[in-house]
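One structure is given here, and the rest of the page talks about it.
All chains are identified by letter, namely A, B, C, D, E and F, in their written order; residue positions are counted from 1 within each chain.
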Amino acid sequence: MSQLTHINKSGQAEMVDVTEKSVTQREATAEATITMLPETLQLIIDGGHKKGDVFAVARLAGVQAAKKCSDLIPLCHPLMLTSIKLDLEADKANNRVLIRATCKLAGQTGVEMEALTAASVAALTIYDMCKAVDKGMAIGDIRLLEKSGGKSGHWQAQSVSEAE
Amino acid sequence: MSQLTHINKSGQAEMVDVTEKSVTQREATAEATITMLPETLQLIIDGGHKKGDVFAVARLAGVQAAKKCSDLIPLCHPLMLTSIKLDLEADKANNRVLIRATCKLAGQTGVEMEALTAASVAALTIYDMCKAVDKGMAIGDIRLLEKSGGKSGHWQAQSVSEAE
Amino acid sequence: MSQLTHINKSGQAEMVDVTEKSVTQREATAEATITMLPETLQLIIDGGHKKGDVFAVARLAGVQAAKKCSDLIPLCHPLMLTSIKLDLEADKANNRVLIRATCKLAGQTGVEMEALTAASVAALTIYDMCKAVDKGMAIGDIRLLEKSGGKSGHWQAQSVSEAE
Amino acid sequence: MSQLTHINKSGQAEMVDVTEKSVTQREATAEATITMLPETLQLIIDGGHKKGDVFAVARLAGVQAAKKCSDLIPLCHPLMLTSIKLDLEADKANNRVLIRATCKLAGQTGVEMEALTAASVAALTIYDMCKAVDKGMAIGDIRLLEKSGGKSGHWQAQSVSEAE
Amino acid sequence: MSQLTHINKSGQAEMVDVTEKSVTQREATAEATITMLPETLQLIIDGGHKKGDVFAVARLAGVQAAKKCSDLIPLCHPLMLTSIKLDLEADKANNRVLIRATCKLAGQTGVEMEALTAASVAALTIYDMCKAVDKGMAIGDIRLLEKSGGKSGHWQAQSVSEAE
Amino acid sequence: MSQLTHINKSGQAEMVDVTEKSVTQREATAEATITMLPETLQLIIDGGHKKGDVFAVARLAGVQAAKKCSDLIPLCHPLMLTSIKLDLEADKANNRVLIRATCKLAGQTGVEMEALTAASVAALTIYDMCKAVDKGMAIGDIRLLEKSGGKSGHWQAQSVSEAE
């Protein structure tokens, strides 16, 4: 099996050197969920119908977090994302909010971490805005759904390809 | 049921005004997990026995993320944490890493978001360092375990109190 | 006439030493306007009735900018604001948006710069979101309306006290 | 009339996707003024003849703010500016300081926001350094003077083209 | 001999928990030098007599770096400095610039790292501004000169107490 | 002799305009040392054999500081580094730690400041982690060892070329 790319031969953590990698169009989509009491979700939806503020704040927090990714994740390369999109949806059947984040750029390294960070911070922001009424919310299912571009090419999470 | 504290009467998102709150000793503990292939966990453990680098990097990333919390979560107050601790543990039975983060300060507002952010970013950092060998890892179970201090007093997640 | 407090006796710029100042309750309110074409304001209002997004984004940008003030203004002290509020209003009679920002904390130094920075960045954010349809917008009237707390006590801008 | 580019079809705020835009040479110049008491301006000028510190600090603050623009303005793209210049001038006839900021890069999106942010933060920095002697200063006339590059090509503010 | 405070009993790096420490007045002074060709120092001095720009920029960079210390040094606590002063002096006899930085606050932890970081970044900034004419400059002698406050009390570097 | 590139004809500090420079492969290596008591070095080495934590934390701090360079050094351009490597070595003969940092990118401006900043912050981090047992440590010998790429081509510090 292959080795961890961020650990060099001396066992030390380090950034992967992407100097020689070619610049290709790259894209990644990640997902997160936040599960809550039905009443909490209803409060968000009620607010959402009128002003959409919880979702609006969470979306913006996700966009800004994607831009800060290389500052948050120590061995991530600085990148200049050309697109960051967040999509939030109330899933009443499962008492949760679904968050999907997609990032794009033409660069030498993938944007999975940016998409995962955007989705995670959007979920944390929802927690922050609803924690006064529901401390038991749980964030989960943070995973990469799909990525394309770069040497490793296209990749899709199994459950996604099955579901579609 | 009570209202979302970050949405004012006009339906606008805003920071909660904590000017009048008293300064008390506050503490919060949050948890996150990252589930992976058994081989991926073994790679971390093998590295861990020698150098511990994946866990060391994730722990530091969590500490630094806790300090950046008010920059990441739009309506969080700036705080001066007096303690940030991260504990990472390989849970081989469940093919996952368990992350616990505890934050403390004497202040006017709680530190739940700092603990949740620390645990989340530590998990994202593990994803980053292992993604070359395992893109299907999933981060989950991000939740508050316990908090104390402030007007709302002590709170503990149900499953925690049951389990202990 | 008194001297510039940030220039020391050798003519060098420096932070004012507030070590000996007492901690008092401080508050400041600042204002900014952004003037635009009537059609641009109408687009914001139309969006505003449905989703309020331009104002929601500008308000959040202002809140976050207030928290970054000591990083932006070189000789500002780091502060822990306890409240940041932004109020945006469409002023159709004058084809402009009025922005008011109020910041509070208990500390050793005033929060005028935080309030002024919040109002300015909220205005810049409106410019950003509307610039594709109206590059000629102008931001102006950025000024302190009122401050209280600290040794210099209460201060109010003349036109404000006259107008009220 | 055209739509706000940062509001998508569902009425949600989002970054404009510039992935498909071509990389062109881009440049933008913005202006700001800060009006003050004649005595305050004289203090700056007197200091300026000796050490120039107020202008030196404001210029640096503007340069650094331009680099932080995508962190301040939520829907701005991260950019790698190749030039940031600030020009400050004491305008004694009008009791004010004139600030002009010019930014350049070869990229996929314009640099208007960077120039506007640089000019605004330079003005705020002057306010900060002089506020102990003159709280009534007002920042205004923040506007784009000229931009070039990109699909929309060259644009110049009306009053500028008239005046020159 | 005592243990490294940032390494816990399990050998893991962690922030020192200062929750129980009392708030006292703290102060620290640090030093750095940058040695260069005589001609380089003369260029700075010549510029310095007229505009003082290299020293002015370095001083500001040092002030801002002190404020960012907890973001740069992973296990440093966030602090609210009440004073940051930098003093730069051309030492022609030794072809170098002497930099002294003093930081103060009332807090639960010392400010040595803030003073050392301020002095270091001021030296790096001088390197940046002069590197086009002198790549062989060397920064050195970065050390703590004196600290006071807190449980460990007053401390002074040996050579300082000898020299004075 | 040539002029300081960051001081323009009016004697004002400014960023060098690199808009017209060509994109070339650039690389720079810098060095720093931190000298300490023999017992302090032994504590690091003993820890190092088991967990390596002081060196691991310092290495990460250096990597993250290189990414923040344009935020720390006022007139540095924002860059997207493709590689940052830090090498730390205990030099028992001289009671010190040797730090070498190498940065790379394809860009319009050199990466000397990034390498120097990485080495400096790694040294400051070691100071932070050991200061409880040894306040008299001194950081020195911060200098550029070698750079390549760009118009000025290859450059190497004299003592390095002599030593090798």
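Here is the rule we use: a residue touches a chain if its C-beta (ideal position, glycine included) is under 8 Å from a C-beta of that chain, and two chains touch if they have at least 3 such contacts.
Chain-to-protein mapping (UniProt): A, B, C, D, E, F = Cyclic pyranopterin monophosphate synthase.
Just so you know, these numbers come straight off a predicted model, no measurement behind them.
In terms of C-beta pairs in contact, the better-connected of the chain pairs A-C and A-F is A-F.
Listed options E-F, A-B or A-F contain a single repeat of the A-D interface, assigned here to A-F, on the basis that more than half of the contact pairs agree by residue number.
Here the spacing of chain C and chain E, counted between their Cα centres, is 32 Å. Averaged C-alpha coordinates put the centre of chain A at 38 Å from the centre of chain E. Those residues of chain C in touch with two or more other chains are numbered 11-13, 51-53, 56-57, 60, 64, 68, 71, 74-75, 79-80.
Pairwise chain contacts in this structure: A-B, A-C, A-D, A-F, B-C, B-E, B-F, C-D, C-E, D-E, D-F, E-F.
Against chain A, in their complex, chain D makes its touches with residues 11-15, 17-19, 21, 70-71, 74-75, 77-80, 107-108. Of all the residues in chain A, the ones that touch chain B in their complex are 1-7, 11-13, 39, 43-44, 47, 50-51, 53-54, 56-57, 60-61, 64-65, 68, 71-76, 112-113, 116-117, 120-121, 123-125, 127-133, 135-144, 147, 155, 157-158. On the side of chain C, the complex with chain A involves touching residues 51-53, 56-57, 60, 64.
On the chain C side of its complex with chain B, the touching residues are 25, 52, 55-56, 59-60, 63-64, 67-68, 79-86, 104-106.
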